[in-house]
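Note that the chains are named A, B and C in the order they appear, and that numbering of residues resets to 1 at the start of each chain.
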């Protein structure tokens, strides 16, 4: 169920990313002020956009989870947020490098988008500790969903608030693509698509792996037919949802859920 | 013809990958008493909490006093009373304040609070914070809380825990089988006392590891079989 | 819901756990700021910032303790068994937190005026009260939601603040920006309307979200 389309997705991701890299290095012109360093913009901004969309998507999936009580939605929500968090780290690092190169500081408060992003990141960084701190898996999933929805609503509001509050001293380079000259715009769009594809592919990989592990565990349990009261020993404690109840998995398969 | 007080079919509830309850089916008519036996961890408390609408069933169907859970749980909440391991009372407030609080929640008048305080013999110490009272006294107030709104269905988890024999006698009419045929009182009791529990039961359910190991009318059950459950 | 609110306030009066702690913390923080910043008086932006940050951290103290009594004494079950709407608890708790915040401000704002604030507070008071009220509503809504989320986890004292702080940042931004013209010494201006609007909007959105999601936190 989950493994479908994985190969074609991976291939297209690699193809687009290679194209994007080629464009970045060979096609996009050097920007007058900032020189070569400006090219990091083609990585930094798509990372940020994809990460933020991922956070909001995680919130939407959480809404679905609370509505249908289907644990597979919770797993998707978890993976989306988890992956966005990783992309978020990438955003902050590339943003920092860019800031250092352009303005000489590792961090600037004048870029409202970067600042808002930091706040959002700090919020989502508590997602995994939150999950970790709740033992009952069903309650863990439910509370995580409540968090994901709240945080998902927070993302746009936070950006508005921070943007309103910042006086722009430096020219805002993170404006829309409307004022980018042709070649740069093209490179940017291709880059964006590439990173978005990367995100989706990685999410799919993680979902497939988790799902396979859960199915394996369920099969193993049924083989031993041991319904003793002691829970199975997990080698590593992880905050991730580790299980789909067999009944839920069976129904999911029977209704033929497609794709992600 | 009114439906039975409890109709449970294939109830299951899991905790992660472990089954807390599985395949539990039973039915209980109004006015009858069901006693549940089983070792610790067998799922007795879980079953009680599902019936109390505090936990959702993960599989199977549950009908309590004619309402199906979890969808119609709101309809049945005011009609059942739970006496669990925790007294469900605030330690900083007095017995009187606690009972008044619960009375307000259930839409019951203050006279009833006074009536119950007298019945459980706590009137004298009703204005002291609960944390100054002994465990037995707190349990008595907890009993009062459970029956405050005169519930049709009583769910009792080891009701005699922490009570001395005098107190047991005191609360017996409150949590005993109802005497008024027009208002039958159905009860589900979790018990560790084979002979005592058996004496009160109309139907017996034995649980082991979440599964029903024994389900019969009390008359057909031998105390030795109950002891077997704990082996 | 009236019964719930009464119970909340009764318990607080009995134990005096939250409000005195919050107020004392605020006053002490002002003293710390005096030493940390090495200033005798502050005004304008700086004043607004100090006031709001202090209020924020004091509020966190209150948020931490909001549901603790219920969680520990099985109070949730008692409430869950009653034939009442679950959101009644949300409203009661949020109102309780609001009351705590108002009492906190009754102590903290005069203390602030006394200890650190340069310009006199007289003209500024109505404007400041307006901003504080709006900010308090937001803190109450978000604080209650976060408190409910954190209370039944293992590291509740840690998770509460970690969750609450980012979510409350826009309120601090809005509150500080809105009140800084009020606290400036040069000209007493009313609070900035744009920021009042932002605060109000934020309050509304999260109030609705808290209302919608609260049930899911209580049930099992």
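By our rule, a contact is a pair of C-beta atoms (placed from the backbone, for glycine too) under 8 Å apart; a residue touches a chain by one contact, two chains touch by 3 or more.
As the structure is a computational prediction, the values presented were derived from the model and not from experiment.
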> What chain is the most remote from chain B, judged by the mean position of CA atoms in each chain?
Replying inline: A
> More C-beta contacts across A-B or across B-C?
Replying inline: B-C
> What chain lies closest to the overall centre, CA atoms only?
Replying inline: C
> Distance from the CA centroid of chain A to that of chain C, rounded to the nearest Å?
Replying inline: 32
> What whole-number Å value describes the gap between the mean CA coordinates of chain A and chain B?
Replying inline: 47
>> Using Cα averages as centroids, what's the distance between chain B and chain C in whole Å?
In response: 40
>> If I count partner chains per residue in chain C, which residues reach a count of at least 2?
In response: 220
> Which bits of chain A are touching chain B when the two form their complex?
Replying inline: 136-138, 217-218, 221, 227-232, 243, 245, 247
> Tell me, which parts of chain A touch chain C in their complex?
Replying inline: 66, 119-120, 122-123, 126, 129-130, 133-135, 139, 142-143, 145-147, 149-151, 153-154, 157-158, 160-162, 164-165
>> Can you tell me which positions in chain B touch chain C when the two form their complex?
In response: 49, 52-56, 74, 77-78, 80-82, 84, 86-93, 97, 101-102, 104-107, 129, 145
>> Per the contact definition, I'd like the list of chain C residues that touch chain B in the complex.
In response: 2-4, 6-7, 10-11, 14-15, 69, 73-75, 77-84, 219-220
> Across the complex, what residues on chain B touch chain A?
Replying inline: 14-19, 22, 41, 58-59, 209-211
